[in-house]
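The two complexes that follow have chain A in common; it is paired with chain B in the first and with chain C in the second.
What follows is the complex of A and B.
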């Protein structure tokens, strides 16, 4: 009875509604994602200034040639790469370690999760503002470092030294996101059947062996996913560096790509050049996304 | 009776391991919580007490004039409240539209069969690879051209829905029981009524997770408002914080007071609904096939 009622005509009528429901999103993505990226690609081939009345002049790959010869752009690439590597490697290692330690606790697990996660709740500008004061010459950062290194009264020039200001930016990011990745890893570890550990225990394995032989191999997909995700996040960093520079830190060491795009396009009105930079950023991120898909395919795990 | 086993090597090793583990947890916990505690205490201190060695972790009293300065601003315009309101308008609107559009699209992509459905899904997923930072300049030009810069429409429009939300809703709705939908059809409900009265009310936890995710992203958004909010009246909270904390006359106490005020809504949400925050993050640990 049901079968005859849901004849192909009725089914087609229903499915037509499905196609209608997808239209608003499709329209949105066309206008606000696909059009702009194609537009950026197109604009990157022109010399275009936002306020000028002259029609934009077609210059082919001149913008790209200019960028690849410009020391400021290479500096941005360097700053972004240093920031990305310097942030995501410690993030990955520390959050994995903490997640393993927290997962073993029977008591206080929930409290620890919430506590570690809490900085991630703050907005990035607030996080940067807090650390701005901590890095003050008379602030907490100097006090802590001097206490640990037994060097009373030394100012470590967090904002005037080119190396220190990069470390400062990494530290803010690390602090804000470490708890976020701890949560992801805890969820990943919780997905590993406890029977595997019990079996290993019966065979006389130590906790150390359990980690290297069970936890880490089975967590591989999560590790791959987290590393790519944090890398993509780091490549897009902006707020911390922007606030630091606005409050007087030197710009060159932390002039990441997004800040360079912003300054070139919005402050200097060089739309063509900024678009070329956007396309290069897009290609870099595309490469990492491709890497993510590739690693996910080869790293499939069966329990 | 327990004498020998109590002091055995094994016992000793396990106790020292425990001490090391708790040591690591305590030190890292201090590192995580100290800046938060610093913000909380410094907000109630006069500037002289904050940049002082050593830092005193307990305020001498409640120095509330920090908060007055924070909301009044250095020019005494009280634009803080307007910026706070703007942030709320943008974040709430974006959460609502993201939830509605993601669930509608996810419903279509999971429960209907029409030609090109899977291609459309792939196309939408492909937008995840386009970083906002790479399209902000073209978007800025379009928005300026149609004249919606410096308006709520301009602040909201590029974020109405996102691929990740659609992905989340689709994954959830794939497992949604078909019997429920078919029963509603037999009862003569229209397809849109099924979406509104069956799908939406039965997706509570996913919707909460998605709404919180969208709210936070917008609450945190600095780059887009920086591009298009030109007058003080249209600025959002992150812009206010940047402006206020980089102004010459701002003292440290007022700076932390404004940071604290801006974080209160998020912390209230976090403590009330922390399982959804954690669920949102834990989503990424899901193994994908």
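What follows is the complex of A and C.
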């Protein structure tokens, strides 16, 4: 009895100090993450202009009603979804395949990892600036495609055609982040016990069978992590599209939600409406994350 | 646990109290003015000297000059003001600055502090109309750092290379502009390797709305209630742009590198560019040989053959403004300092190639001796200030979409006009 009382006292003591240590992180999260979300939710209920000194007018859900009736907002949703699906699915598949190929190599593994990862350390602005030169009508993109397709002098309108400009944005993003996810997959593959492959080989399994029966099922948690991370990053994409538009590309095809939020809040000064848009984006991101967790069932993996 | 929480609350409270105390203005003693402006190395050089001189004359005033890129500074100033932490002095383009006046975020000019006997005397020192964009209810809320208009720069070498005589064949009308560009353009298949002329695509209000006005159209009606006035004029303008683009005569496109930056290098890739007097300083620094060669010239903004109005490109201005939330003492010091800087109009013109539209400068030999200053002056008289309402940036974006939809996406001019009119009208109605 005495022993139980002592141990519960110790537990309380430890819990108390645990809470103290967690508190700074919790405070930091609350101030820099949770408060802005709540503040955006609150602001979205007002007609508020950034520079106005007048008290904002409470309009309830009017900003949401306006957005749901706005063709510009629906176009932004479309642009975001097209970009996300067109980028994160190839990102997931190609980074997984590249990770498997690199993991199987005996030589040059480190070099390939660095080579693929290097674009990820560039800022998005620098990456977009490099690709702006490539997609210039007289740039490398037209030259490569014309060389491969044997169509000299054809302008593929990378920035002027509505479809091409979306593909161009996806290409830049894919190039920038594929190496980042390759590294995560390589770390995941390294965690799979080699004994499993050895046992499979003894039983006569081919490389293809090893990939489908061992690598992929055991990588499920990593696949879930990468797919959620890449999807969330794609939903939040901004700088590539912003720089493309600044360089003369048409805005409508690549007017993703984040760019619409920026233009509404910073250019048009309508911070209430921009906040409503960011809350909708937050809900969309939350929903897709939940959906992916549900569909992946990541906790089912056991060695 | 409660004690820890109590301690944290106390620390937070103390920080807030101390933070609030830190903002309190001293009524006496030294004053520090925070001055935000866009990057311009030539201007930085002379303004840093003005700061040193001003501080020597006014030892109780310190100026902190902070520069940022011209695109970045728009959002930096905006977010700083949104948080009530705006700089004491700043400048932006009038299209971006007007909202600060409309929302009462800036202080009116103190004529006495600025060295004028009265507001009337101050107004009399400037060209007529140039202070109108910053004048509300008889008060003036800014003093012009620069007023810029654009004319057409011509590279004579490229004209001669195409067998043209630049002095005789330069385009006087927009129809000639397209025809001359057709003679100057070089292509590799569809890809243009040399352009005759190309527009300044992001700047539709400055460079393109005047084309519509020449044809009898308007951006906003005189009573401010109707948007995109004059269907025929707008459709004729959109037809012209459609014909200019890659699906028409393929003379240029927003996706090519802007002609103004290529012009200085004299690389036989562009013959004409639409830009301001400041370009001369840039040609001089980028390519002094070309600057001194006499192989470039400046000609007026063209007009349509069937123009009903003689309108040149709109001019735009950067105005120095003072934060209305700064203390009265700081505001006074700020206007004194701004006035000191602006008293060097001739040096700004010589070193930075920007025009401060005072009568004294316009009548000075320095201005008159600047190459082609007469062309710029005459075009300025034909033009008007750019549209600068609170929604100007959004309206510019909508015009961009309309022009690009006809040039690049094959949308008919009639449809693009209808969409533009509906969207701009919705903006006006929302105000």
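Going forward, the second predicted complex is superposed on the first by the 258 of 303 C-alpha atoms of A that agree within 3 Å, B and C clash if a C-alpha of one lies under 4 Å from a C-alpha of the other, contacts with A are read in each partner's own complex, and residues count from 1 in each chain.
Quick note on the criterion: a residue touches a chain if its C-beta (ideal position, glycine included) is under 8 Å from a C-beta of that chain, and two chains touch if they have at least 3 such contacts.
Worth saying up front: this structure is predicted, and the values here are computed from it rather than measured.
Partners chain B and chain C clash in the overlay (superposition on chain A). In the superposition on chain A, contact is made by A:49 with chain C only, not with chain B. Once the two complexes are laid over each other on the shared chain, residue contacts for A:249 go to chain C alone; chain B is not touched.
Of the two partner chains placed by superposition, only chain C is touched by A:157; chain B is not.
In the superposed pair of complexes, A:267 makes contact with chain C only, with no contact to chain B. With both structures placed on the common chain, the touch criterion links A:236 to chain B but leaves chain C unconnected. In the superposition on chain A, contact of A:185 is made with chain B only, not with chain C.
Among chain B and chain C, the chain that touches a larger number of residues in chain A is B. Of the two partner chains placed by superposition, only chain B is touched by A:37; chain C is not.
Of the two partner chains placed by superposition, A:204 touches none, neither chain B nor chain C.
When both complexes are overlaid on chain A, the residue A:9 reaches neither chain B nor chain C. With the contact threshold set out at the top, residues 16, 19-20, 50, 136, 138, 142, 246-248, 266, 271 of chain A are in contact with chain B in one structure and with chain C in the other.
Considering their complex, residues 16, 19-20, 23, 27, 49-53, 136-138, 142, 152-155, 157-162, 246-252, 263, 266-269, 271 of chain A touch chain C. Of all residues in chain B, only 17, 21, 24-25, 28-29, 31-36, 38-39, 42, 50-55, 101-102, 104-105, 107-109, 111-114, 117, 120, 123-124, 127-142, 157-158, 160-161, 163, 166, 185, 191-192, 195, 216, 219-220, 222-223, 226-227, 237-238, 241-242, 245-246, 252, 255-256, 258-259, 262-263, 266-267, 270, 274, 277-278, 281-282, 284-285, 287-289 touch chain A in the complex they form. Across the interface of their complex, chain A is touched by residues 1, 4, 8, 71, 74-75, 78-79, 81-82, 99-100, 103-105, 187-193, 201-202, 246, 253-258, 390-391, 393-394, 397, 400-401, 404-405, 407-409 of chain C.
On chain A, the positions that touch chain B within their shared complex are 14-22, 24-26, 28-29, 32-37, 39-40, 43, 50, 94, 97-98, 101-102, 104, 112-127, 129-134, 136, 138-140, 142-143, 175, 178-180, 183-188, 191, 207, 221-222, 225-226, 229, 232, 235-236, 238-239, 242-243, 246-248, 257-258, 261-262, 265-266, 271, 274-275, 278-279, 281-282, 285-286, 289, 296, 300-301.
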